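Got a structure here, written out as structure tokens. Questions coming.
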Amino acid sequence: MTGGKTPFLWTLFSAGGTLAALLFPVHLFLSGLAFPLGWLEAPSHDSLLNLVQHPLTRLYLFFLISLPLFHWAHRFRYTLYDGLKLKHLTTLIAVLCYGCALIGTVVTAYTLWNVP
Amino acid sequence: MGSREKLPPTVTLAVTRYRPEEESEPTLQTYEAPYRKDWVVLDALNYIKDKVDGSLSFRWSCRMGVCGSCGMMVNGEPKLTCAAFLSDYLPGPIRVEPLQFFPIVRDLVVDMTDFLHKLKKVKPWVVREEERPLSEGEYRQTPEQLDIYKQFSMCINCMLCYAACPIYGLEPGFVGPAAIALAQRYNLDSRDIGAQERLDILSGKDGIWECTFVGECTKVCPKNVDPAGAIQQYKLTGAAHWFKSVLLPWGRK
Amino acid sequence: MSAEAHYTRYHPQWYRRRVSVWWWLQSWRYTKFVLRELTSVFVAFFAVITLWQLRALVDGPQAYTQFVRGLKSSPLVAVHGVAFLFVLFHSISWFHLAPKAMVMRLRGKRVPDWVIVGLNYFAWLIASGTIAWLLLRG
Amino acid sequence: MDVFSRDVLVVGGGGAGLRAAIAVAEANPRLSLAVISKVYPMRSHTVSAEGGAAAVIKPEDSFDEHAYDTISGGDWLCDQDAVEAFVKEAPAEMLQLEHWGCPWSRQPDGRIAVRSFGGMKVERTWFAADKIGFHMLHTLFQTSLKYDALQRYDECFVTRLLVDDGRCRGVVAIEVATGRIFAIAAKTVILATGGCGRVFPFTTNGAIKTGDGMALAYRAGAPLKDMEFVQYHPTGLPFTGILITEAARSEGGWLLNKDGYRYLQDYGLGKPEPKPVLRSMELGPRDRLSQAFVKEQEKGRTFEGPYGHYVHLDIRHLGEELIDRKLPFVRELCRKYVNLDPVKEMIPIQPVVHYMMGGIHTDIHGATPLPGLYAAGEVACVSINGANRLGSNSLTECLVFGARAGRAAAGFAAEQKESNPAVFAQASDEQKRLEESLLRKTDGKERIASLREEMQKTMEACAGIYRTGAALQQAAQDLHQLQERFHDLRLEDHSYTFNTELTGALELSFMLDVGEAIVASALARRESRGSHQRTDHPQRDNEKFLAHSLAYRTPEGLPRIDYLPVTITRWPPGQRVYGK
């Protein structure tokens, strides 16, 4: 693998890592634990939808979902290489990892585009 | 010597032996050495070599943590044996092995020719378009400019960071922490203009992008060089360059 | 295998060690590293959940209610609990690595690492507070 | 046996060797060039130098001042033509190193910063915090990588010089990793193998400083000059002998005896002042300071510890900020090796063998009397250090005379025709000797370590800071006996692969030769001068001994001492005055 696209993918990885580090804990805590367990009152469908309709929120959500996916793709790819010594499968793994992230990104974009 | 509290009079060392003429694999051999409070592991090894078994081989010279020759694994961690006090490993036995991930030449001696090739590859010297004649005096460099690269110039080439970096173990081609830190040392030196040449080399195969920021290199470094930091900063520069060259292809010379 | 290379005089016969697939289990430092890397799986997990939630939201109140009910199932809560710990681990390790990659200088002096780490935590608090406020104000 | 051939072969990859090699590559890129070293070059002992390197740079300084400080510091035993060449070329050499990237410490405006040093009247010691040797060596080594013409034989141990027809023709060496013995036929050989501190038990010198080059040249017929002048550094850490750099004193550190008294004032070194005064008190020359320590000890005013007598070096009043900026290594070493923080506590120190003023006799171009053989660095004696070297002159010496030797050797090599086949026979003799008398020998009962310890004890007892004729006489006999016993040596290691016992044995035999030369030279010099203090001849005697001693190896193996007048150009012998 030459310098090639790596710097770009690494930038996505870093940006995603930073977003995830800053924002995921609170989102996860609220929507995965606090709301389902009733510790805090969850916002209603309408108010959420209201929020999401705002273009800034949509932009926010786009990055919030897609960049961490690329963060995962990049990091997981190397974890597979190193942790399982799978360097010989490099192309396959790369295609799978970044491919998934790309699909996730497209679906996110499509969904956000179609917010009623 | 002197009066001391109750301390173990001796300490056991389990030392790697590998004699290629006789055996095809390394084995561990145990030795007893006297315990002294001010002894380092290297002192115990020297005691063994002098008094017990003259055939034990290892490298050392300065005994003050600056020549970089006495790196070994002490209880599984890369250490300068001249700076690893026996008292920190009591009650023993202390396992002393050759640096991890390097081929073993003999006993505690590893082969490090690989590193020397890599070092040369990153052009660790001041690159200039034109040398300034000596008659014009020194290149000015303020203490602040010196401070920018100083830390990375402290590397004693002891190889502990390589023995700590699993990526080097998995991927022996990886240029590795110390060599990259030294490349960065020259990149950041206000007298040097070789950064682009080095980046071309190091953004290629086996360069900075191999590193996954395990960070162990920095933890074991006896001279606080922080190779992990050097590499990440280098990646940032590499990425910036990439964007520049893609977005402004005409902007590069 | 049986034909082991034999020593010949004046020729080095180095012993080369192979790194085992389980290298990261052999030392806690390495295990910790691999765990850190595996936080990415939970990051991805939550990104997908968020995407899913978004789709449910867009699909209308009914789909959304169903999704919310799904979140309350105990296995999913448990998974979220674990994911939360991993994501926290990610945040903390990420903040602490940040000063290595980003060197800031102020008036010629390098900004000490703890300041940068502190700034990260500060940003974290602000961001978390803002988001919580947006979601909780009702 | 493999025989390689080179135009110029540099033995030693320390400061002097690398500087010489680069000089050859620059002087004549067509020459084939190699550096052979028993350790990887960056392991060479230059790496541990701490304090700095001297060269005139300040406007208020002058070459004459530097020359005078050097000559009076050397108790007029310096060759003044050499000193003049040295001080004049020093600044350019240091600048060259700056251009190669050495991270010298700077003033706020970006110019080179200098500090004061013992025995120097003006600040002229360039420094890179307190790791100058390290930075210098790595700068030179890394720069040397850029010369493709420069080939290296790393971890190859030179065992013998090949001499034929009155000329040096190459070397025989062992590749340590494989045990392969090979010869390099060379038109010129530059020895830059460093000093011999390991002849003594308590030294700042690393394990590799075993006087190999001195013994190699001595055996090949070149004389060793001024070998009786062994420098004790006043401030070493007990037990390890780790050096606390002179910079600790030049920044303002004090030497205190057990009553907390700055005892140097009792030894004609000036009055105590709160701020350091150049050429006075703690900034006096090393020989005087070490001698004062012995006197204090005799008066019972030193501390007694498990590793002998000691006094205190106090740098607490310098403050944490200055210590961290200018003496970080001192703090690191103290914390690590004596478990104390010099910011808060006083450092125990005692004099320790540090440097060899003597060495292979060379002229000011680094040429030895044996044609084709050059020498530079601590292994050589160009005679700029005389009877006592001033701190920070020796790194500069490595550069100036390394470069000079390189250029001269390049010139000599270019004039020579192909080398002489007689060396092949000699080389295979040497191979036989190594294999039969050491590697494959299974009888014998002496151990390396015990002979080495006895030698070191002998040297310390007779050739220390103060010496007497009787003790030296005794030592000469003891060393001779040790030489005999060396033949009865037995190695436990018969492996060809990285056999450090074999190299250890060779080093021991080199050290025995060097030790004999030191003792014989000291015995013959019946006066006291600089670092050579004879209690039975306490006065300096310019009439008889304003001369360099030359030790030649006789066919029986014993040294024969001869004398050579000192070159005096402009500074007639005077009194060494400090503290005024």
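The first chain written gets the first letter, and so on, giving A, B, C and D; residue counts start at 1 in each chain.
As a convention for this text, contacts are C-beta pairs under 8 Å (C-beta built on N, C-alpha and C of every residue); 3 or more make two chains touch, one makes a residue touch a chain.
Because the structure is a prediction, the values reported are computed rather than measured.
More contacting C-beta pairs link the chains of A-B than the other of the two pairs C-D and A-B.
The geometric centre of subunit C is 54 Å away from that of subunit D, both derived from CA atoms. With centres set at the average Cα position, the gap from subunit A to subunit B is 37 Å. For the pair subunit A and subunit D, the distance between mean C-alpha positions equals 63 Å.
Here the spacing of subunit B and subunit C, counted between their Cα centres, is 28 Å. Among all residues of subunit B, those that touch two or more other chains are 20-21, 105, 111, 142-143, 166, 170, 212, 235.
Multi-chain contact residues of subunit A (touching two or more other chains): 14, 75, 78, 85. Those residues of subunit C in touch with two or more other chains are numbered 12-13, 19, 24, 37, 101. Shown are all chain pairs that touch, namely A-B, A-C, B-C, B-D, C-D.
Residue ranges on subunit B touching subunit C, taken from their complex, read 18, 20-21, 24-26, 76, 100-101, 103-105, 111, 142-144, 147-148, 166, 169-170, 212-216, 218-219, 226, 228-229, 232-233, 235-236. By the touch criterion given at the top, residues 1-2, 19-21, 38, 49-51, 53-55, 57-69, 83, 105-107, 109, 111-113, 116, 119-120, 123-126, 131-132, 134, 137-143, 145-146, 149-150, 153-157, 182, 186, 189, 191-192 of subunit B touch subunit D in their complex. On the subunit C side of its complex with subunit A, the touching residues are 19, 21, 24, 34, 37-38, 40-41, 43-44, 46-51, 53-55, 57-58, 61, 64-65, 68, 71-72, 76-77, 80-81, 83-84, 87-88, 90-91, 94-95, 101, 120, 123-124, 127-128, 131-132, 134-136, 138. Chain contact summary for the complex, subunit A toward subunit C: residues 14, 16-18, 20-33, 35-37, 40-43, 45-49, 51-52, 61, 64-66, 68-69, 71-73, 75-76, 78-79, 83-85, 104, 107-108, 111-112, 114-116.
Listed in rising order, the residues of subunit B touching subunit A in the complex are 166-167, 170-171, 203-205, 207, 209, 212, 235, 238-239, 241-243, 246.
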